[in-house]
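Before anything else, here's the structure in question.
Naming follows writing order (A, B, C and D), and every chain is counted from residue 1.
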């Protein structure tokens, strides 16, 4: 996976720097929360995290708070067991993040959302597939996590234990997105801008695909096209990230 | 039904308190009106009520006013017959609220809305069913109230009498939501935050289900899954309620 | 048709009065333009008019200007031939309004819009029918005006002459709404609040019906139900009108 | 193609003039960017250009920046080879614009977008066709550019070379819009207001058509009707352009 350094990738837009790297990450994480709300990916629920620059065996995630309200001081540091010294209540589903960071050293940011256009693809037999060049990261396939396989048919569907986090990370495998049946999806990336971009375009692709399926005779991206679009588009993500941040103020 | 006390459920967000409990309920009811408008559940019509903390044989409901304009001083106190001493014009359909509070002692808040994604499920043969874990409260079934059964095929569909209110409450039974054919729906809950949450996610579930039905081969929540999600999610409602209030200012 | 006097119908909301009745109508007409834009019924095109209180053989309509920009001083007075002494450029389709006022003495306000959910019903064989109780005015039927019947298959579809205005008014007959194939729709009412209400709920009904049609086995309002809802809902329109104006500031 | 001079077409709305024509074009181009974002046609990606009034063998296009952030000083001047003296990074797909200006002397403005309702028509076998009179410019046909035909099945789909720009311009031919499979669309016009109008109504037509197709038995505009609507509507575009600019401030 290619890491994207957001507005620090050489664009000519100056960025306010603070002396403390960790503080910068907290600010960027708060911003990512607001962007995802503004773009309709998160509502009162869902969360986004980033692996710590200082200690890659930890990650940063807001305390149990609606994403639209998250400020830098609401960010907690958690271990890859999902533990934290912070006395404030954490999210129930922090194990989604912890177990994916453990299983996937390449992953530096994770979004868990209930974005609405994606959910139908998690409950039906039609797979989500890349139909537009902005969503090539969906190739070669988008796996579906069925909670019943590990938790039985009477669970609350939530990934609220290390065990279910491991099962979700296994379902994700080396993909960029895993659908969660009757629940939502989880998206991973090499940076906050990249995972935000992917979460947004997973939703856009789902909206477009559901309409195209009904018109019939869809042409999807080939796996080669998908890989080529990812190579080209990844260095362009900073352009949208800059705009999304501007809008979400 | 588990009652949810909103932002007073132990979250670490301080809430402004007034000396007068009744005034607090009026302010929370005005807020619920604004949240439901901001979230697209109510428009120029529809209403939300809460059972009085002081006298559970009465309930609070705004006078005949568009929900987006309701202020605490617009709130009336009504009996379970739908009567009020307040000289200002009440809603025609106050009997929805009165008869449900009478039939269901566990209900402490009621929303009546025309939210658009729900209406198709009230007029067709496809039942509304829980398809995402945020809407487990729709299980085990969402009944449909057919006004023709009690009012004949020439009525105005409105529940504007005690008699039709009783019929609606009977159709609701012990469910959380009742669809009203050609009209809308009515949702009940153990608190204002809970009923607002349910009204919002009834609409979200309907939007998702209508798309999923067309993709085909839907997997719905089992009744056991639905019950488990309600048990888990109910204590989390305050998180969204806090955000929805913040947005609706 | 029952006339609705908007916020002057006895509601307890005070309304600013000016000494000049005509000026009041111009202000209400500018407001109706803004409400229809805010509610997504008009965009850069479309228009709304009102019959003059002072001289019912004339009507008020903005000069050729996008509805969102209309101010009271942009309003022109036109005759039932579509003529005006105002030197500023009028709308091409003022004949829609002129010929309907001429044919329908009961009509006191007219909206011509391209609101998007309605258009599919004008180009397909599925008739628009009342599916929710807020749109009972669509019964007993919504006629479709086919420009080809009078203008041939090579016209620009616009109703920009007295002749085509007469043909449209004939297609409308005594209905509340006429669809215009490949173009949009025209809605009439007994007052500005009523015609705005009808234009909005025609669009809402179309959005709901298109989804319900796909679920299958729709139940529509009977003509008796539709008539009963109109009788009940018409006196309630001022409630929404007050809110819509408040939002559109 | 009939050129539209925007708010300078004789409308009675005064326009601020600067002594320098070139500066005026840069300001109008920045405005067009903001309008297209406000109307949902561009998001963090896509671009709009205009042929230079001073030297028609050059055109103006923003540097590599999200459209919502473009200011007049971000505009670059490019040749019909897609070259520029401006040291700032240009868009990868400037060749879309360069090769269309080269092939089509009548074209004075170009929009490349990923607007979502259009994309399904580029990937399915159902052609986009004019279904409402505001979109007559879609007749007689909307070609589809299949990148595989010239770039093979492993490309990134982007038109980022002169060669692929030539292929796209050939696919466009003398049409107003060309769909790009799995990517988006490109729209041309005789002025910035006209190309913005066309990009917006291409999206509106797609939204309406996808619904109408499902209702069945669609009536489209005849080619004669389409041509007549273009002749009538083109001089009216300034009306919407004025409003869109006002909204996008």
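Heads up, the rule we're going with is that a residue touches a chain if its C-beta (ideal position, glycine included) is under 8 Å from a C-beta of that chain, and two chains touch if they have at least 3 such contacts.
Which chain is which protein? Per UniProt: A, B, C, D = HCOMODA/2-hydroxy-3-carboxy-muconic semialdehyde decarboxylase.
Remember, predicted model here, so these are calculated numbers, not experimental data.
Colleague: Which rotation angle, from 0 to 180°, best lines up the CA atoms of subunit A with subunit B, given as a multiple of 5?
Modeller: Angle of rotation between the two copies: 90 degrees.
Colleague: Is it true that over half of the residue numbers where subunit C touches subunit D are used by both copies, so same, or is it different?
Modeller: different
Colleague: Using mean C-alpha positions as chain centres, tell me how far subunit C is from subunit D in Å, no decimals.
Modeller: Going by mean C-alpha positions, subunit C sits 32 Å from subunit D.
Colleague: Any idea how many Å lie between the Cα centroids of subunit B and subunit D?
Modeller: 46
Colleague: So which stretches of subunit C touch two or more other chains?
Modeller: Residues 214 of subunit C touch two or more partner chains.
Colleague: Could you please write down every pair of chains that are in touch?
Modeller: Chain pairs that touch: A-B, A-D, B-C, C-D.
Colleague: Would you tell me which residues of subunit B are touching subunit C in their complex?
Modeller: 43-45, 64-69, 88-89, 92, 114, 116-117, 119-121, 123-126, 153-158, 160, 181-184, 210, 213-214
Colleague: Can you check the complex and tell me which residues of subunit D touch subunit C?
Modeller: Residue positions touching the partner: 11-12, 131-134, 204, 207-208, 211-212, 214-222, 224-225, 228-229, 231-233, 236, 239-244, 246-247.
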